[in-house]
Amino acid sequence: MSGVGGLASRHATQRRAGPSEPAIVRWSLIGLTLVVLVLFLFLPLISVLYEAFAGGVKVYLNALRDPETLSAIKLTLLTAAIAVPLNVIFGIAAAWSLAKFQFVGKSVLLTLVDLPFAVSPVISGLIYVLLFGAHGWWGGWLDAHDIHIIYAVPGIVLATTFVTFPFVARELIPLMEAQGSEEELAALSLGASGWRVFWKITLPNIKWGLLYGIILCNARAMGEFGAVSVVSGHVRGRTNTLPLHIEVLYNDAGQFSAAFAVASLLTLLAILSLIAKSIVEWKAAQAGQSTVAPEEMPLSLVGAAAPAGGANPRVDPAANRAP
Amino acid sequence: MRFKRYSVLPGFGLSLGYTVVYLSLIVLLPLSALVVKTSQLSWRQFVDAVTDPFALAAYRISFGASFVAAIANAGIGLLVAWVLVRYEFTGKRLIDAMVDLPFALPTAVAGITLASLYSANGWIGRLLTPMGIHVTETPLGIIIALTFIGLPFVVRTVQPVLQDLDPEVEEAAGSLGAGRWRTFRHVIFPEIFPALLTGFSLAFARAVGEYGSVIFIAGNRPMHTEIAPLLIVKKLDEYQYSSAAAIAVVMLAASFTLLLLISFIQRWSASGGLKP
Amino acid sequence: MNALRNVSFVGLLLITPLTVLVGCGDRNDSKKQTASSGEPVKILNVSYDPTRELYKQINELFAADWKTKNGPVVTIDQSHGGSGKQARAVIDGLQADVVTLGLANDIDALHEHGDLVAANWQERLPNNATPFDSTIVFIVRKGNPKNIKDWDDLAKDGISVIVPNPKTSGGARWAYLAAYGATLKKSGNDDAQARAYITRLYHNVPVLDSGARGSTVTFAKREVGDVLLGWENEAYLAQQEFGKDKFEIIYPPLSILAEPPVSVVDKVADKRGTRKVAEAYLAFLYTDAAQEVAAKNYYRPTVESVAKQYAGQFPKIDTFTVKEVFGGWQNAQKTHFADGGVFDQIYKPK
């Protein structure tokens, strides 16, 4: 059975090979896997590219240079530029308070942090319409003061922030928990101020986890569709992010290729995110800081709130010291 | 009882304060608007809104398709995780990285791509139509879309557990005369079952709320292929905010229950649940 | 001391993004636009689904025309979607200066929910505020393999009909009423027969898109269904965009007169100071130049001279109005499209 000091990162040392299946079974399984994954993963990727260029390179470039596309790109970038830093600050604050301290109500907060993963994107947008829409709680007040949140950029940013806020926190909490506080305490006892400790000790220790969280957060922020669809006004050239613009183009007559052209941009972003993720995982393993939480696994499972008796075999504090 | 265990580390007040305020503003406040809106309905109205035939059909479709997709993902995920952990072959690292694609790809892109691939004249669709299999505008299309987006979950929850399995036990079983299949069934599978269950539940929870990947392929026909999130959007379109909120509350309740279930599974398995 | 510093730091962290948030949104939307002062003016035209190409062309003409007459640059932003859906967005706060929707009832809703337009909006412009009208026709595959000629054929077994969702799309409601009304007229006002008919028809519908354009794409691009039921102008567009030789347009002997109206959204236009531009924009829709663009896009012009000029491209068709057969839109909406109405009942298991 796996020991308590089990490996944290799946890219760590190879497991010792035990008995295995006969070669034919092995190769059939590999073959089956490849067929399934090619069908499910590679084929869609290829078809995006194919359909994007189906009308020719000129159509492709025109689609990307179209003013509506350009403003969709700008809006997507703006949204991410606001949502991601906000969520980074939150992630660090949440991780610091939840990982380094013990207090009443900790598990409640952990559950709250995980909330957006339990909420359908459509509902994530709906709640902001109920708050800020013309017939929402503050609709009257907002309208009287000429502040527009729903059907305008702030609403899009808010909905995106809601949907993506857990990502950084979820990476940092288990990581900081696993790292413990010895180094920070040592630095404190040597006379460093709180901020100094944070910048010089904590931050370098969590830098790979932080980067990992940022990559995930950004990918989701730029790609969010359901929540933004509910709060945006679908005004072309003004309140359409790239994913919404793809829907617009897809439903427009004669713009099928253009839709895929724009989709290819986001696909490129997805692939870059995957590459960046892999690099960060590799670097983290090298540095001994493992990125612990797999996508969308509730925090309560990743060790932060594990019951006292249950040893989480995937996190080994001893393996996670920065060099 | 103390609120907080004593610690010399600074910054507790600041970080906790910021965290709580942020959570309240961004999460609690909007969610409470949902609850308040729903409470404006009388109990009778609430029940009517969440049990009208369109809503019931939508739950059936959403939960049903999600369940089937999660089962499919359990199977595929187990296969992929096994192959990735246990075997070596060219391109393994690439495949491993690619497993996360459905997670990184924006749902709208997945949606239009799958709809196009499986349409009657799409690359895959045109192979299926002669066999009488229609994917777009049918529940099958919904299931396929949900299987796509749930792909990484089971793989990523099972992989680490498989990775950590000690070969000694398998060797012991082998030396006692068990064949590989027997070893798998009685030694390996029980160990990974909790992770499998967790992955299944995660895929299921994600699929239930999924919107962007599904609406392009589904057909959106009321009572047949209309998923619950789409019903909420439709209700919003028809000025029925309270109805929409009511259905949203039902979906949220289901999702939270799932989350709770997942953490129970983990607790149960950590405390030594499944033993042969 | 330390506490104060902490609190102010938290405050700063919270206020800054909030300010950015609100500041971003406010910039363009609500600055008072004064057309006469020479500053560039932006107005938003919230329209129904099929009019994307139409308004792209008209907007260019209007901008040029406005420039020669008044000087400042005017930009018209467009939003398109199912007519009902768009109306809801405007009610919810989408800052439309003008609405050009699919049916009068949707603009009436703007008056009912929030007094966004004046009660007499339909009398402010000629022809019941309808600059161009249309009708509902069938589009079928080349050669009309299923031999679809009239409304009855749509309800036959084995026919697959593509039509949008009446709850969100204006065109869908026109199509529904056209089918229902044609059957009523044929059967001598037998409501039970019409109901049975419409139920059979919608059971032949595999997918309900939220707007007319969505249905066109489903039928023409994704090649779903045997017949598309929709706006006349969409039919011609489908041919143009997806292949003239792939589709045929079938005119049933009797159809409905579809009148998509327009209006200034008084509340928004007054607040933003864009009334002058907005009114000029809508008036422009009745000028020969705009009417010709409409005709070229297969919308039936209402200005006599242009209508005569383009009469050749529009087959004659017998039409009835909503008022005639259904007693007006209010009644039709209540009976058929409201919650629990006839449309909802189509889908309830017997």
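Points worth noting:
We just call them A, B and C in the order they show up, numbering each chain from 1.
Methods note: a contact is a pair of C-beta atoms (placed from the backbone, for glycine too) under 8 Å apart; a residue touches a chain by one contact, two chains touch by 3 or more.
Small disclaimer: the values here were computed from a predicted structure and weren't measured.
In this assembly, C is the chain whose CA centroid lies farthest from the centroid of chain B.
Per-pair tallies of C-beta contacts place A-B first. Per-chain CA centroids place chain B at a distance of 37 Å from chain C. Averaged C-alpha coordinates give centres for chain A and chain B that are 16 Å from one another. Multi-chain contact residues of chain B (touching two or more other chains): 14, 18, 22, 236. Contact of a single residue of chain C with at least two other chains is seen at positions 13, 91, 209. In chain A, the residues touching two or more other chains are 89, 129, 135, 158, 250. By the touch criterion stated above, chain A contacts chain B in their complex at residues 1-3, 6-7, 10, 15-22, 25-26, 29-30, 32-34, 36-37, 39-45, 47-48, 51, 89-90, 92-94, 96-98, 100-104, 109, 111-123, 126-131, 135-137, 158, 161-162, 165, 181, 184-185, 188, 194, 197-198, 219, 222-226, 229-230, 242-244, 246-247, 250, 259-260, 263, 266-267, 270-271, 273-275, 277-278, 294-298, 300-301, 306-307, 309-314. Here chain B touches chain C in the complex through residues 13-14, 17-18, 21-22, 25, 53-54, 115, 119-121, 136-137, 219-223, 225, 234, 236-240, going by the rule given at the top. Contact residues of chain B toward chain A in the complex are 1-5, 7-12, 14-16, 18-20, 22-23, 26-31, 33-34, 36-37, 76, 79-80, 82-83, 85-87, 89, 93, 95, 97-114, 116-117, 122-124, 147-148, 151-153, 156-157, 159-160, 163-171, 174, 180, 183, 191, 198, 202, 205-206, 208-212, 216, 228-230, 232-233, 236, 241, 244-245, 248, 251-252, 255-256, 258-259, 262-263, 266-267, 270-271. Residues 3, 6, 9-10, 13-14, 82, 84-85, 88, 91, 109, 113, 165, 167-168, 205-210, 222-224, 339, 344, 347-349 of chain C are the ones touching chain B in the complex. Note for the complex: chain C touches chain A at residues 13, 17, 20-22, 24-26, 28-30, 44, 52-53, 77-81, 89, 91-95, 114, 209, 211, 213-214, 216-217, 220-221, 237-238, 241-242, 271.
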